[in-house]
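You will see two complexes here that share chain A, one where it goes with chain B and one where it goes with chain C.
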Partner chain A sequence: MTESRSGSARVGRRGLLGVGIGLGGLAAGIGGTVAVDRVRTPDAPAALVDFHGRHQAGVETPIQAHARYLAHDLREGVDADAARRMLRLVTDDAARLCRAEPAITDQEPQLALTPCRLTVTVGFGPGWFSALGLTQKQPIGFQDLPPYEIDRLEERWSGGDLLLQICGDDPLVVAHAARHLSKTVRRFTTPRWVQQGFSTPMFGPDSPTPRNLMGQVDGTVNPSPGSDDFAEVVWAGSEAGWFAGGTMLVLRRIAMTMDTWDELDPHAQELAIGRTIATGAPLSGGGEHDEPDLTATDSSGLPLIPQFSHIARAASTGRGDRFLRRSYNYDEGITDGVVDQGLLFAAYQADLTRQYLPVQTRLAEQDLLNEWTVPIGSAVFAIPPGCAPDGQLGEGLL
Partner chain B sequence: MNTTVLRPVLAILVAVVVAVTAGCSSNGPTLTISDPHVKAMPAGEMSAAFATLANTTGDDIDIIGARSEAAETVELHEMVMDGPAMTMSAVEKIVVPAGGTIVLEPGGLHIMLIGLSADLEPGDDIEITLVLSDGEEISFTAVVRDMPNAQESYHS
Partner chain C sequence: MSGMLRRTGRLLAIVVIGLGLVPGALAQAHVEAVHTSSPAQHEVVTEVSEITIEFVDGIDTAAATFTLRSANGVDHPLAEPEFSQDETTVTLTPTGLEADGLPEGRYRAGYQVNFGDGHVSQGVIEFEVSRDGESKAEPWPADDPAPGRHDPERTDVSGQLPWLIGIGAVVVLAFAVVLVIQRKRAASK
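This part shows the complex of A and B:
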């Protein structure tokens, strides 16, 4: 757990006769089983996603089956130096766990060993920057969302200084990573909330678009992983300084009022969304990935895609208002006698002010789907760039 | 007097192993020390350091002592069953067998630090030097970690 420079006085005096690359380092740098976070074919999912790189994993990674988001608040008195020490430990733990190796001090090391595309993604809320005296370095465009009339936000699902987003295809491995990392950060933070979600996993661009609990395909218009378009939409550019290679996450807990949704017949449901449920094709025709024609009308002159349907309101205006949707479903069973299901809506973009807010404003003003969807949680996090194997998350900021 | 930079370094990820050559000649004993870590504790208290020690040579390596500027006294210890309870006792040496590996871990062999000179804060580093029977010394840097276990070391 150190670098060669710190080897020893004795070694320094004599010259280093042999600096070994550790077992862990070997696995990270040289081992043949380590996969990169890139496009893969559906029939050959790679079991490991490289933790290191220019960008953090867990964003461009095709969505895994399980997610756990853990928000924490910094403890009183934690300063930039302490935050840096914490991120040092988080980085080390995460890198090991993502290699399917136990973390140092791992108390259930057996639970770390199953390769399941585990990713650990770290983010900073607005309170992170203010508590650490780093508001000057807060990325441009990063801010809390304004209140919306549709919001019914609950404190228990909102805000947070530090986010750990943990995704993987094996729920036990995800739970273990979450538990271990929670212990690593607890000296520095207090837990604020935990949200869990699930999805049909994707293994590459050819995987079918996952569906939400209303049955709709969700994420059709996403930029394609690995493309220039994706990079432009999601990753902050060089003008962002230390934040270059990072992204901004808007995470909203959207409750679905399933019981009233169920009262609609299928066609009414399709009119609310603007797509067919079965194929995800826009109601203007074609296939799932064909561009919706918002001007198309039926024989009586009515728009095929209602003006206030979800996709009509969410459609990009061509002024940079696009983002990556990487949402998970949640299902907490029955709460207070009512079905408690919904969506952990997760939007990633290089600049949330420029790209996200225009869309959210339009949807909050008018969206037929608002009748059956209620935002009950909201949080924003700046996801810093990734790090090299000899680096740590947050470098450049702390 | 040589000093080593103890500022926490960024490069803890690749250098999972501090591989330090103990001998001054190419055929001297070689010990690799991987994942060294030490329990976070306040100044004045005791702590313990853990690591995996691998002997890549054909000869046993005897560790007969240790020291650190982070503590007044540093001893080699093991946990042993004393009736129904585990208790700690000092050992004269730790033998890393030829071609073998010894794990220093909670509940087993460990390096005891007694009388910490400063708070050991998670994410910081301390330097520890092992003394071998042939007089060679090996220094390594251990990262401070919160460890809910490793409690037994502090009861005696």
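This part shows the complex of A and C:
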């Protein structure tokens, strides 16, 4: 009886302990919620994104939860005619998959049936144009990035003749589309690399800006989808000939040294970024979407946004050096005993030479974040314009 | 009873830790960036023509910002900073000075530096120029703290402190009440 009572009391205390810790956690949760002051977007209804159109989908589309980028190299002997045939197959398969229909010869048709805002976006690397004898038609301003001192590029994440960018909110559907389209192109290409990422999805302009694994909001200064500004920044104009309505993608795999980043106190992290972690507001004040005031100073005359912080270095100079950021996080767990996390930094612009290179050059020269970010992969792709339902990708080029 | 107190104390400690109320957890460690300076922090000096700051380690001289501002908010332009060879020490020279250096008054020499590791440290060296060596100025305003002297917390829960303490107190009280009731029941059996 004594034993029983004692046991009962012990259970009671443990129960209380649980309640205490639970309430503690609840209180801490309240604190976190109040401090962050952001509204979570409710799950959006499943949807379809039209594959066809003047522009390819997957660029202006609000960012989906999952992405796979697949780079392929053209096989020896593949000429322009073969490339055209391949793109006809890709166009047909992608259009069906994006309608949540199985592709022709789809061996797992059930996996295609879930509408999840699937998009398939096709791009051509510099090697595509040279291998097919199309260098004369390479879009103006499209070129490989020059080497940067900060780069630690690995072949396994770099380059590629053909890109398939597959995004959607259901990872199973995305994986299925990636597998099927890989089979579609394998007669013409060899796989080079696959990179996959995830993001908090956006469903429209009111969705909160996603965060990267460092906790930063990422994409605050993006042009607003559907606006003239977006069109000017992202889509090539009529002067681009066959490429009008296309865009150029710079995809950089940027490893984050999270262990040393975590050693920084939060304010030092904010000084390196130039924004508050909690709200994304610039350190000069205001809200997330307010323009950073790079001239603002504190009571001692020191800049509120350090001159070598990330946003100070990345800020547009007003000379057209802007682009769309549509990046995904990656997390490969532990590799060689080290946390393997980072960002698949994806920048889209009408002309990467004019718009992207100036920013990348400034960041490579000096950016406090460079201490914790290491570019380990780099690739560029010309994303051709979209096509009508009776057309195919690559029209005007091939 | 002492046993109960001990247990209650342990529980309180756990709850407090659960709430993140341990002062050490809230206050992030401040990394002292400055080893020494001339004038020294809060020193009253009779004459100043240059300010020397020795940092605890070499700094990234290309990414350093220095300012000098008097208590009335006037910025004093500085010549190009001069760095020691090991880049640990900077000498700041205000330009356009009279022969006896900075006029009387209080000053803040601000620094915003990083040690080549991306970690920005910022702060001020506060000093007063007084020809007779006696302080003549009011204290620095309490609502105008020197920047970089304390780092903000990761999550600022200070405004919710009363709530959090209240919740903790309720938990402890409930624990004590249940224990007392259980003891009374045990004693009556």
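The rule is simple: the second predicted complex is superposed on the first by the 352 of 398 C-alpha atoms of A that agree within 3 Å, B and C clash if a C-alpha of one lies under 4 Å from a C-alpha of the other, contacts with A are read in each partner's own complex, and residues count from 1 in each chain.
In the analysis below, contacts are C-beta pairs under 8 Å (C-beta built on N, C-alpha and C of every residue); 3 or more make two chains touch, one makes a residue touch a chain.
Keep in mind it's a predicted model, so treat the numbers as computed, not measured.
After the superposition on A, what does A:Leu172 contact: first (chain B), second (chain C), both or neither?
In the superposed model, A:Leu172 contacts neither chain B nor chain C.
Contacts for A:Gln366 in the overlay, against chain B (first) and chain C (second): which applies, first, second, both or neither?
Only chain C; A:Gln366 stays clear of chain B.
Name the contact category of A:Ala95: first (chain B only), second (chain C only), both, or neither.
first
Contact-wise, after the overlay, does A:Leu264 reach chain B, chain C, both or neither (first, second, both, neither)?
After superposing on A, A:Leu264 lies in contact with chain C but is clear of chain B.
Can A:Gln392 be said to touch chain B (first), chain C (second), both, or neither?
In the superposition, A:Gln392 touches chain B alone.
Looking at the overlay, what does A:Pro306 touch: chain B (first), chain C (second), both, or neither?
second
Is A:Gln107 touching the first partner chain B, the second partner chain C, both, or neither of them?
first
When the two structures are overlaid on chain A, which partner does A:Ala82 contact: first (chain B), second (chain C), both, or neither?
Touch partner of A:Ala82: chain B, not chain C.
List the residues of chain A that touch chain B in one complex and chain C in the other.
5, 8-9, 12-13, 16-17, 19-21, 23-25, 28
Mind pulling up the chain A residues that touch chain B in the complex?
Result: residues 1-14, 16-25, 28-29, 52, 82, 84-86, 88-89, 91-92, 95, 104-105, 107, 183-184, 186-188, 389-392, 395 of chain A touch chain B.
What residues of chain A sit close enough to touch chain C in their complex?
5, 8-9, 12-13, 16-17, 19-21, 23-28, 30-32, 34-35, 264-268, 271-272, 277-278, 297-303, 306-309, 366, 368-372
For the complex, give me every residue of chain B touching chain A.
Going through chain B, the ones touching chain A are 1-6, 8-21, 23-24, 26, 30, 32, 34-37, 40, 121-125, 127, 129, 137-143, 145-149.
Under the definition above, what is the set of chain C residues touching chain A in their complex?
Contacts found on chain C: 7, 11, 14-15, 17-20, 28-29, 31, 62-63, 65, 67-69, 75, 108, 110-112, 114, 117-122, 124, 144, 146-147, 151-157, 160, 163-164, 167-168, 170-172, 174-175, 178-179, 182, 186, 189.
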